[in-house]
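Take a look at the structures listed below.
Both complexes shown next keep subunit A, but they swap its partner, so subunit B is in the first and subunit C is in the second.
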Partner chain A sequence: MTDTRIPAVRPRAATPPVTAPRRSARGRGARLLAALFLAPTVTGIVVFTVVPIIGSVVLSLFHWDVIDPPGFAGAANYREVFTDSTVLVSFRNTLVFMVFAVAAQLLVALSLALTLNGRMPGWLRSVFRSAFFFPLVLSAASISVVMKYLFNQDFGVVNWLIGLVGIAPVPWLTSELGAMATVIIVYVWQQFGFSFLLFVGGLNNIPREIHEAAALDGATGLRKHLALTLPLLSPTLLVASVVGIINALQVFEQPYVLTDGGPGDSTRTVVMVIYEKAFEQLRFGEASAVGVLLFVLIMAVTAVQFRLSRRFVHYQ
Partner chain B sequence: MSRATLTSRPLPSLSRARYSLGPWARVAGLAVCALLTLGPVVWTVSTSLRAPADSFNLPPQIIPARPGTAAYHGVFDQIDVWLLALNSTLVTALVAAGQMITAGLAGYAFARLDFRFRKPLFGLVLATMMVPLQVTIVPVFLVLKSMGLTDTLLGLIIPAFPTAFGTFLMRQYFLGMPKDLGEAAMLDGAGPWRIFRSVYAPLATPGLAIVGVLAFNYHWNEFFRPLILETSGQNYTLPLGLVSLQGNLGTGSVSVVLAGVVLSMLPAVAVFVVGQRPLREGITSAGVNR
Partner chain C sequence: MTDSHHSRRALLRYGAYGAGAAALAGTAASWDRLTGADIPGRDDGSLVVATLGSAFSPAGIRTLVAGFRALHPGIKVRVNAVQAVDWSDFFAKILTQIAAGTAPDLVYVATEGVQLFARHLGVPLDRWVRRDAAELREYFADVHPSLVESMMYEGSLYQLPIEFNAADMYLNTRVLHQAGADLPADDWTRDDFTALLRRMKKANDSHFTPYFWTNRLWGGVVPWLFANGTNLLAESRAPGGGWLWDCFYPAAQRRGRGGGFRWTTPQATNGRVEEAYDYLAGLIQEGLCTRPEGGNGQNLIGVFSTGRVGVTPAGGFWAGGLHLAGMRDDAFDVRYFPRWRTRRHQFGAAGYALLRTSKKQDAAWEFIKYSARLDTLTELFSTNQTTPARRSMLAAGRYRETGPAHWRIFYDTLDAFPDTGPVPAPPQVAEVTQVLLKHTGTALASPRSVGPALRRMQGDLEKAMERDV
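So, the complex of A and B:
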């Protein structure tokens, strides 16, 4: 399902400080309680996220295969990684995947949300809404198992369906282009519901008077959406694209199950390379170097988005 | 919904023509998309109920001509479904319960208790939402190894207890409750613990439900961490078992694999039906709580 780690949510401005008298017994009680309440979360986050991030950076500077003691490597792992054609291809694949998957996901989700926003009986609306977000609750791994049969070149339902309109069978999983397309389609099929729900929520937040005023001015259809709805929806678009991109850069299950990175390396993604280097080849240093690079890439892409958003996002 | 008020106004003749056609085209388009979305799921269920020999029949029979449960018996013969389901249930239930506790407590502290470093600590928690799991997995694996927790279910459960998103969600939830309640209790002489226990905690159930449902949905389907941590079959969770079922099935029947998929889907579908509202709210809150 969609990742629950969702960034890009800015906290509301902190609440005014609690007015309990300082240094009183009650204030001390509150501080003690706060320490107790925070202990599990903060300890957990330090041990399982903060220390591992630092650990990743440190590890990326060492040669280590678990068996022999680690030896300092300096930048050797990074040099290794930058000349490793599999690693380079995996970054290219992941970026190509990200561009097409996120674009498709946002486009599908936005058109469906806008269409659903039109006039129709309430029960029908909720049936459609449930249908569109249903795939989100399924496991990406088992859905990929199912899709592997559906996209089979010889006996898959997909080629049978497109055969009905006279298209020749497509080698979905056995050609380089087809494999990437399949991974994208399967990913988008499962993920678009997430952006869809965000857009539905965003559309509900647009005050009704704005639509009424636009209708009085004679704005309808696509023009109304382009001139009016999209700017009002732009904060939601920002969140949906930031989260969409972060999730897409971490794609793993779909290519792992559908194509195992093939044919050749054509669908091998960065996370697959991290997995293979660390847990199949026991090259922990190189795996960490790739991980650090992925982290830097994610941060950079997100920063660029927020920079761009200053120009395109309108807050009401 | 907003259209209801629009249509009561007189419309120009041009858009009246569009309106008479519009709704039908819209509903038809949505229906086609809904079919495409649910189609693979329907195909999975119906193929799992077909006789194995009919798995690849084209056109696909949605209503099986020779229905049977042979495929389901096949799943139980080939993998220990009960063990996998027990493992998945244990992991998912404990993680969900753990996240509700940690997020509830930390969210309350961030929302309603006054202490030094509240802002930077909350900033730290929020910042960790940006860190992808795969970037930290190697050191996490090593930490767990040093604790002797690799290839155990606890190794999956304990690191999943802290939840940055859940903490954020619960903080928002507690912030939304009226402050007067706690102040009134304080005037009556209640201490911070009493105020939490008797005033705010009982009101937090719907928020905790969101955290719980999201945790269930994510961890029931989780694949990456179990794949890395669990090496022996007795510690596999359902998604791992299913992929291995497909792996050693070069000769066997598709319907057996699909029956396995259907079995593993059932709890997720049950939660979808029962907990759709908290699930939707949890997902949407990411975009709307700005």
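So, the complex of A and C:
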């Protein structure tokens, strides 16, 4: 049997008496002010994040169809989702989407940020910055509706354009590979603006002298970026990738509008399954169980990222 | 025993925190669940009617409410026009309202949700229909019994149908002329249909696709299954319903009627189902037909009206849509769905369902009756965005401006082919639809994928139908 007692490191008598600093009226006032400033945010987080998370965990242990009162189900919902092929496929799709979408998003954003960081008139730089950021402020659903028209195999502009150079129509939305690729393209096109802005800020924070010193040592082009820019930009890369991965794991609007998860289940994502189970099939318990699993996955992936960041992220 | 450095005072403090938390939790648990209805001003005592936002125009809704208020000044009505892209989305939003404790009294429900609502939420209208039989005789005489039967579940009537749409075939007349073809005959066959698509394809460029269809429950694969004398799920009739048929319909019309449809055993691997899929896969391979794409067919009006598509299945709702898109009344026409083994067509209907959570059920029944009146429907359906359930409303004047020339087909589909029935929509409709759409997408990827995809569809449908919803 394990002894759970905590060994006393030092006899209590030997501990020097610690006198708590007297709380001044000024200190109390400052703390009260801090609490007042924090209260709206904390209240928002508790009401809209903490309580729903707890609610989801509790609901995942019940059968509930909205209409009849909930009935305790124990782990039955988890057993059900672990044997549901659609759920398992949706996790696979979401992970595949995450890997390619985040990689493409970071690559595009970083390339464009490095390009704009070069010699360029200020006004042109501003135009590009605005243009790259603009899709992010649009509704993902609206963009997806428009993209659905553009990528239509028979009547879409994209196939018409590639047809001008003799390429046969591509089944963008009606083949398994094409549908996933299209969802990723649309998602990256909309989302890269955020990472792009982060990278622009990160690049501006790298002291010019370091680049000048590197240039004196003969480092130029790709070598300079790999050996100098990327390590110095690694904290920004970490933030961009963490945010990108968390967002990608929750992708919903693009596949929902563009492909409705099809063809087959090839673009069905975890959040789509949560929506379908809850609001189309009235299985709120199972939907919550999937939600809890997604929450755990996001936490695990983020934890791994932070763990890895100790080796790869360099703070100046 | 645990050795601890905590002082007695600290222990007392933690104990007090714990007691406080327990007291708070106990107090919270003892409260009644707060719902949306507890928001001050939310429940003003009105009869709340939820409609699909796009189903009626704002002017139509205003007329509907004003007319009812004039008739029943003591009943306040509030129409909640829920914006949704399709029926499935609409039902999801209604269920959200129910979960939030703000359930409407009446919900506009289409065939896709009739049995789902009847089983879980609906109130049978039987007692009110029996009570007001004399008043309703004129309504039933004007409405085809197939529509009424599609609103029954296990012997009871849950809705009075006020609109429907059967899947007939729309043809672009300019595309027909380009192909040197005439409007097909009334009794055209599947082979005539295929030959027409080939002629159209030959007469147009590579950006033209003769036949367009949307992958959905209504108007997707199902009309082809019906035409080939089969269905996705084995179809039968529930017993009962005699109380209604005997009271309102003559012997000829009530023959074979029952207490509503039952869709039970999945039959996706049935030879005729596979044959229908093989046929569509062949059309796709030949470039005569678009690949199935999900959605509500919003882009279809554009491609049809500009002549990039020649033929598509649609109902009376499209006459108004094409008119709004700028098509002249003679720029398109409509024919019955082509014959295969049978001439059975599919339709979907809609009407108001009364929710059992409603505390104003008598007032709600008055609204249901009011909504099915001839004058009400004439006001409401003035723009040909649907086919009215009342036969008397389909007259030449209604279609003079919008077309099509053969508008009679919209209602004659029910009269000419009495076995015409609703799309298969059991209470498990959400899962059935999802399974149908997802496997249809993969089945039609190539002719070789039809068999394997239908076997997977069969397995998934069996699982869906086993589930007690």
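Heads up, the rule we're going with is that the second predicted complex is superposed on the first by the 271 of 316 C-alpha atoms of A that agree within 3 Å, B and C clash if a C-alpha of one lies under 4 Å from a C-alpha of the other, contacts with A are read in each partner's own complex, and residues count from 1 in each chain.
The rule we apply is simple: a residue touches a chain if its C-beta (ideal position, glycine included) is under 8 Å from a C-beta of that chain, and two chains touch if they have at least 3 such contacts.
Note that the coordinates shown come from a computational prediction; the quantities given were computed from them, not determined experimentally.
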| item | value |
| --- | --- |
| Touched partner set for A:F279, first subunit B, second subunit C, both or neither | both |
| When both partners are placed on the shared chain, which of subunit B and subunit C touches more of subunit A | B |
| Which superposed partner A:V47 touches (first subunit B, second subunit C, both, neither) | first |
| Which superposed partner A:G71 touches (first subunit B, second subunit C, both, neither) | neither |
| Which superposed partner A:Y149 touches (first subunit B, second subunit C, both, neither) | both |
| Intersection of subunit A interface sets (partners subunit B, subunit C) | 4-7, 12, 148-149, 155, 160, 275, 279, 284 |
| Touching residues on subunit A, where the partner in the complex is subunit B | 1-7, 9-12, 14-15, 17-18, 20, 26-27, 29-31, 33-38, 40-45, 47-53, 55-56, 59, 112, 115-120, 124, 127-128, 130-143, 145-150, 155, 157, 160, 189, 194, 197-198, 200-202, 205, 208, 211-212, 215-216, 218, 220-221, 235-236, 239-240, 243, 246, 249-250, 252-253, 257, 271, 274-275, 278-279, 284, 287-288, 291-292, 294-295, 298-299, 302 |
| Subunit A partner contacts - residues on subunit C that touch it in the complex | 1-5, 88, 91-92, 95-96, 98-99, 120-121, 206-207, 209, 212, 215, 290-295, 299, 303, 308, 430-431, 434, 437-439, 441-442, 445, 453, 469 |
| Residue ranges of subunit A in contact with subunit C within the complex | 4-8, 12, 65-67, 148-149, 152-155, 160, 163, 171, 173-176, 259-265, 268, 275-276, 279-282, 284 |
| In the complex, subunit B residues that touch subunit A | 2-7, 9, 12, 15, 18, 22-23, 26-27, 29-31, 33-34, 36-38, 40-41, 43-44, 56, 58-60, 101-103, 105-106, 108-116, 118-119, 121-122, 124-126, 128-143, 158-159, 161-168, 171-172, 175, 186, 191-193, 196, 214-215, 217-218, 220-221, 223-224, 227-228, 238-240, 242-243, 246, 254, 257-258, 260-261, 264-265, 268-269, 271-272, 276, 279-280, 282-284, 286-290 |
